[in-house]
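Quick notes on the structure that follows.
Think of it as A, B, C and D in the order they're written, each chain with its own count starting at 1.
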């Protein structure tokens, strides 16, 4: 079997830049924000709080892939505009999900990084489109994707000409129902051994339970992750979607301080 | 929770017509053909043989969703043209997979039914597009989709205005590795109890092993399926993809004769 | 890798006799009864009704493996005595579960067949003990056992000297939560191809939903199963355990009449 | 639903003592040794090396639960004697697996802690026996056990009168085949929130790949684990079983030094 471009054997590790941030370097990147973009004022308020505690990048859903057609589908383009405005105001880069290959071109005016959600990891039409553009991609693992399938999904983008791909482990679907998904940190350890791309972890979807997010954030970093993407809200109980897994700004602050300590250890290890 | 349009409680069972065929009636529909469309002569030859043994409808992949970007991706538009020509020649309706929402409009000139593959069951942009057109849809179950998610994917199409949806069970992803997937016939029995849409079964992908296809075809019909979609080839060992699960025309003939016997029993039951 | 004794290649198919019944012959064996033995009068009443509709063998749990130590653990020895008495009264053979290797010897005075439950398929101490005795064994598949592990569990018994093993598919644990388990009929088709032992199906545990039991019973027989084990009760709603999956005597009668029709087809096929 | 004795709400956290060691305190416990006990000289040699690098407790399999009856089943009683002798020589406590309820009494003369393996987590006859004795138990999670089932298995022992139970996460069975199992650290975080018992992690079985063991060991501790059980060998490539997941003494030394650093952080957090 031929090597993939994303295999360690095919070259040096790839660092993915998003404005001034670098995924895959010694600094761990913390992305946070609400599940859905709700309105400008709230988004700005959250962003300002997040910036204060050291969050480097904003997330917020504008196009929401929802299981039922009757569920809230996100603010769509209106949401993108809000994200863009808040990004300009706070000078924080943003990442948001795009689901339709027809929206890729347009979205580049609004976001610094395009997220491919778990449901679209096998959407090869979308992946091919993303291989043609020059924007960093956050590629979430499919909910039942093997490691091999996930890396080959990344290969669709990289072989198309865009090597700016950051992988994101977000939990897989198993028989366990206590947690929303089973966060598979084995995959993170494996990626650091065999793949050139950076990988971050989403402990919010990976657990579905806010009380497990702090421990699993630290575990992710210890497993080798290059960063975290965490759902947070000023008022977690009132967020429009996924409130059960959303944490407060204060809880996130504690996580960041734990991550900093782990960075210290890792840095020592490498020195 | 509101009822879905596809729930039994919301109305009579939906029969889906594809030319003269009717999914969801007393006759079981057998769809067959090779995994990929390879060339016109071979496709025609296979189609003629299939028609002789009682196959009512043709399948053949033109756009192939492949795990690796380096695998054969199908003949694409060339494949559609071949399917159309063979369909005209044999007077058999055809079904083929479309993956990109931008291809939906165009494909309607070439195919009688559009298949949504397992990897795209959660591709809501595609589903929404299919809700707007007037063409029958074959909606395969996602490889790790729950019954509830699958029915809601159908609801995306039906609520968009297109109620011509046939469900297709094709196996789910489990720990078992002896078979390619675990064919979940519980889902078929459940759909017949709670959903208005017809459901067929794909025992080729559902087992991945040609020697299991005959027994599982009969089991599917006994579980209540309205038809079968089976990969066959004049020369199974030489098919371009999925050869391990492709059966011969002769083996398919035996299956069809078994299905006819089961139809007899079922018809009696209902009389 | 050496062949197993249970592999087709190692000899003729094994027919397992339980008194006058023969598992693995042309006649399909129907085993039924309540989840738990509750008391003598009720057990006798159920047995008489079951015999009338053509059930050949009785089941009833005396030692119940329960997830919680605080759940009803069965009548234990008292239950065995009741089974024995009802068996004598109705002349029907019985099967019941034994969990402890220390109970094997004793249980042979009370039951015609010993069931190894799903939770004990990997209990090699128990399997070894059962290899030493001369009593037919019903070996249920572990809830997450691969086909290969299951056949090797049977091999523990057969290689110990007792080849009277009937396999029982009862569903595996997957992400799907609509049904209690995912009934894996692929395993039945595979066993008929590669293994010398008879195999039956338990659609009660395999679905967990009584409304799915009829269709899945027929599907099991069509997939090649040599029989069925089904939970039934005179008053399903009032059974002490598993009431949601227990069917009425009347529903069972309909299933048996469907099975007889399928036997007709299968018999013709073989003639 | 009644609270379980093992629930946080039912009382203070339980610290489990094995000789001078305390599971559930501030010190993380490292257990290590070969998969199987092979002979006295080798076991002693390994033990001495392990003690030097800070391992506090020895593991070694005497009774090995093997999928095939033809695989090496361990040295059995001979293995227990070797463990006992090495333990006396090195003053290190030992843990070993017992599978048969009839062996429990006898084994107490040879081991400081009894391990219930993954395959026997649902073996309620064994669990009940272990509830009656006064010896610490290491209860591994069943390979497809939900968190709830696992805690109830512990409850069988605790409600029987023996509250000295340490839980051990060792990976669950999923569709992912790159790793032997999917290590579910969510379960560790959840146990620390809701259960009174200590929990350790087995990254050897949890990954099946020695190159992933270091990262996953640190991740386990960061997730909240009270210790680790790791397969190691002087000559990993030559170990009689599980060699692919066995690490060298040197690699283990590095892990222990990483764990010490994490202890520093955790200690600070609590101070």
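Structure notes:
Operating definition for what follows: contacts are C-beta pairs under 8 Å (C-beta built on N, C-alpha and C of every residue); 3 or more make two chains touch, one makes a residue touch a chain.
Model, not experiment: these values are computed from the prediction.
Interface residue usage between chain C and chain D, two copies of one sequence, is largely shared: over half of the residue numbers at the contact are used by both copies. Chain centre most remote from that of chain A: C (centre = mean of CA atoms). Chain geometry summary: the mean Cα position of chain A and that of chain B are 35 Å apart. Computed centre separation for the pair chain A/chain C is 48 angstrom, with centres defined by C-alpha atoms. Across the assembly, chain C contributes residues 144, 148, 173-175, 177 that each touch 2 or more other chains. Residues 144, 173-175, 177 of chain B are the ones touching chain D in the complex.
Taken together, the chain A residues at the contact with chain B in this complex read 2, 65-70, 99-102, 119-120, 122-125, 143-144, 148-149, 152, 155-156, 159-160, 173.
Chain C makes touch with chain B in their complex at residues 144, 146-148, 172, 174-179, 182-190, 192-193, 206-207, 209, 211-212, 215-216, 218-224, 258, 261-262, 265, 268-269.
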